[in-house]
Amino acid sequence: MSEETIKKIILKEDEDYIINMGPQHPSTHGVLRLEVCLNGERVKYMIPHIGYIHRGMEKMAEFNTYKQVIHLTDRMDYLSAHINNEAVCLAVENALEVEVPERVKYIRAILDELSRIASHNLWWSAFGMDLGALTTFFYGMRDREKVLAIFEESFGSRLLHSFNTPGGLMHDVHPNFRKHTMEFVKYFRKKLPDYKNLLTDNVIFHNRTKGIGVMDKETAINYGVTGPSGRGSGFSCDIRKVAPYGIYEKVVFREILYREGDSFARYKVRMDEMEESLNILEQLVSDMPEEGGFTAKMKPVIKLPEGEYFQRVEAARGEFAVFIVSKGEKYPYRIKFRSPNFSNLFVLSKLAVGGIIADLVATCGSLDLVIPDIDR
Amino acid sequence: MLLLDIYSFSTLTSSIDESLNNVMVPWLATLTEFVLVGIVFLLFYALLGLFLVYLERKVCAVIQNRIGPNRVGKWGMFQTIADLIKLLMKELITIKNADKFLFNLAPFIVIIASFMAIAALPFAKGLQAIDLNIGIFYIIAVSSLGVVGILIAGWSSNSKYSLIGAMRSGAQIISYELSVGLSVLAIVIFSGSMQISTIVESQADGWWIFKGHLPALFAFVLYLITATAEINRGPFDLAEAESELTAGFHTEYSGIKFAFFFLAEYMNMFIVAAIATTLFLGGWMPFHIGGWEGFNQIMDYIPSIIWFFGKTFVVIYIIMWFKWTFPRLRIDQLLNLEWKYLLPLNLINTVIISFVVLLGLYFK
Amino acid sequence: MNSVVRYINDIYKGVISLWAGMRVTGKYFISPGEIVTEQYPENRATLKMEERFKGEVIMPHDENNQHKCTGCGICEVNCPNGSIEIITKKVPNEEGKMVRAIDKHIYHLSMCTFCELCIKTCPFNAITWGQDFEHAVFDRTRLTKVLNKPGSSLKKKEVKS
Amino acid sequence: MEKNNKFTEFVANAVPYGTLSQGAQFPELTVPAGKIHEAAEALKNYEEQPFDYLVSLTAVDHLEKITMVYHLESTLTHTLIVLKADLEERDNAKIDTVSDLWITAEFHEREVFDLFGIHFNNHPDMRRLFLEDDYGFPLRKDFKDDVNIIEYSN
């Protein structure tokens, strides 16, 4: 943001037509407030205001043991709760140099990919709705329900399942887990053509998203935009490839990269990632060992050796990283959660300028923001 | 043709007219007729509006793999009535610094505009309030009055979202008025009359959509698209684009004033569907296939009012089908679509139809 | 000429893509068998939650009104939100010695985040998940529950076979 | 290994005031607080592997000092290094901004300013991000919340 813009914010000019999108607005998907200055319908500048649901998680985590921190990470990016859990677990396991059983790695990766599909699916539904295609929302929800049913069967909860724990998993997965996952893969493969016909190929949709909110690679890197949004600009930032963790070294998959950098490229990245996740699921489910337990041996009270630990994982919306500073106690001395949406949000104020309100909505939707993850 | 006369409403209406004239002086009889017709139309308007809301909710529910309203009454039939009662009981909020007079006036303008258009619609044989000799021109003129109400609503609300919505609506309707007019003109050329009863009569031996070859079919498709835009329905619902402007021009309205906007929107949908039926699908004329005498006679047994409403609801369904499938257009794309695609196509189509009519290439 | 071809091609492709979308919604419109809505209050009889469903924390009691909770307080320590409070009392055992026993196992459902740490760490498997999910009440205080039933006592340890 | 040596050489040349050490996971480069912008600029313009992606920027309150921690990644080779700077002064903590190098730092720095009270010199928009202006700096270890008194007993 240039200084000129900031001056404008403070000394609002009389002719500026300022509308507040949010904190309650259908297309901001939560309590995000965008202060938009318009010239006609064209956006002159846009300032995001955040902090409406800041819960001080980093401070709360300083009073929680490592096992208790897990349930806080659920509530940041609630759509990829499992992946967030895994970041903390991996950081603790790396610090303690615990080797988790092979089976746990497989199950974690399966759940990661299921979460990713569920998350992208919800995004697809909501993105369609942002653009006015209301039916997509129900089709997306219908298919996401199948993933949530698998979650519910194994973990007992559908969204915020604190299923990971340092050293492994809370329980073993349900005996039907493998079967139901395969069934879901088959079911979802059948439904994907509907998605394609309904939205991906639609000429109105193309007009609404192609060339809208163009972000080049340099901007993406400079703003730290990761995940599907960054990969839509050709920024190779898939942590599963860049710094593999868990079982991902053994899995064969490709990183989806598009170079256009517009909303449609970001859309395509997510659609392709859903298909790629299905491929990964097929590999993992067939290779998953039946035996091997679900947790490594851990002490009842976990104390990390003094030091600093950094763990990155690929959440559904980008790079999620945990930075733990330990002083050898059972509580972390300081935890920093590097959440993907925090970095992704601020590029919006650059992308929105020059477009019209409808473009702002499309760009905001294509960045796939989850507000609790921004505020933490 | 004898059978058709049984179902004709003209016997009913003329008998009422006669009996009224017998007991009253002529001017009083005319006045009573005005009042009677007004009451009948008001009831019809309200009930049909409620039914359309219910229908829309059911159709979109089935499209979206849902059941839809199913709590109030059997299959949720009284859901919309319950909603109406709720809206009636709600507080009417006028926000600060709003232009009170215009703010209260706007919903009435919108609803009167759509109410006036019903007058010229032929619902069945002999069931038409007024058969103007420029009937189709009258309907187009009156139905575009509604935009004045929308503009007033947006301006007087003292809300930024409302203003943007109203301005969008203004731009949209001014543009699409042209295409609606031109595609209606196609049938006026075919039938050589602007009088609605004449247009319907001209389709006794075949509907224009079949008689008029491809140009008429093309005009029908163009009419559907432009009419959908004209009544601010999805995918052209920019004036109230929910995800952008929360509710557009009626953001600040509550209670029964909001209900007026809502009802007018659905009734406008009915009116454009009814016009499409009258012009392209033969109005209340039954479906005939040349040479199949038995089939045609069976078709004649079905009352004309059922034919009219059946066809209208098919068109309404198609309009709903659009809405629940497509994403919304952007305002500049919407105007592009009109000025770069629909209007040129319509002009070309009008020229072709003129030649078709001049050379007598259509079925007579 | 090229631009005219492109113009017509645009229209053609656009119409085809729109028709593809309408086919999808049309297909679902004529197949009501695809409806997925669950009629919730009506299907209470058939609605069965998963075995592992995290509805609320409960303490199973056997037919003699006995439970397994000794009041050790491990669940209270492990709870990240302070939603469990243990109140203990001293009761005499068979030998006449005063030993610690549970008086009230208070569970604040309103504060629970369902992280499962209490159940996981309980050394006696005294608490577990209940499948009840209809927690809506008119008064917040009713979400505070006492898990051990009145008059209940500690179950004797089974003799290991 | 060769690459590592090259990097060590580069650091010795370009950032002579910094001390490079091999941390548990990543190489760590500690520089004096006054030279942070200089060091960051050198790292970003390192030709072999420009550290052009700022993964995370945060601070840690060690009571006797506040440490700024920057995690930098090179999108060319995907190596990650940690850049650190210690701030001795608590009451008037100040450090140069790096938001002109990585724009994402602008918002991370605002967050750090909000939660730690570290002022960033030359920052274009130094306002609080989440909290009100008269709120304390909650992530400091000596922060006491008088309104919501929650004592953690365990």
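In this document, chain identifiers A, B, C and D correspond to the written order of the chains, with residue numbering beginning at 1 in each.
Keep in mind that, in the parts below, contacts are C-beta pairs under 8 Å (C-beta built on N, C-alpha and C of every residue); 3 or more make two chains touch, one makes a residue touch a chain.
Quick caveat, the model's predicted, so the values are computed rather than measured.
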item: Chain groups still in contact once chain B is set aside, others held in place; value: one piece
item: Chain of greatest Cα-centre distance to chain B; value: D
item: Per-chain Cα centre nearest the global Cα centre, belonging to chain; value: A
item: Distance from the mean Cα position of chain C to that of chain A, given in whole angstrom; value: 25
item: Averaged-CA centre spacing for the pair chain D and chain B, given as whole angstrom; value: 65
item: Intercentroid distance (Cα basis), chain B paired with chain A, Å; value: 46
item: Distance between the centres, which are taken as Cα means, of chain D and chain C, whole angstrom; value: 42
item: Multi-partner residues of chain D (at least 2 other chains); value: none
item: Multi-partner residues of chain A (each touching 2 or more other chains); value: 135, 142, 198-199, 202, 204
item: Shared-contact residues (touching 2 or more other chains) in chain B; value: 63-66, 324-326
item: Chain contact graph, described as a line, ring, star, complete graph or other shape; value: other
item: Pairs of chains satisfying the touch condition; value: A-B, A-C, A-D, B-C
item: Complex interface listing, chain A residues touching chain B; value: 17-19, 25-27, 41, 128-135, 137-139, 142, 198-199, 202, 204-205, 207-208, 356-359, 361
item: Residue ranges of chain B touching chain C (in the complex, touch as defined); value: 59, 62-67, 70, 321-322, 324-326, 341
item: Touching residues (chain side chain A, partner chain C) in the complex; value: 64, 67-68, 70-72, 74-75, 135, 142, 145, 152-157, 160, 162, 165, 170-171, 174, 194, 197-199, 201-204, 300
item: Chain B to chain A touching residues, read off their complex; value: 60, 63-66, 160-161, 164, 234-235, 237, 241-246, 324-333
item: Residues of chain C that touch chain A when the two form their complex; value: 13-14, 17-18, 20-21, 23-25, 36, 50, 52-54, 78, 80, 113-117, 120-121, 129
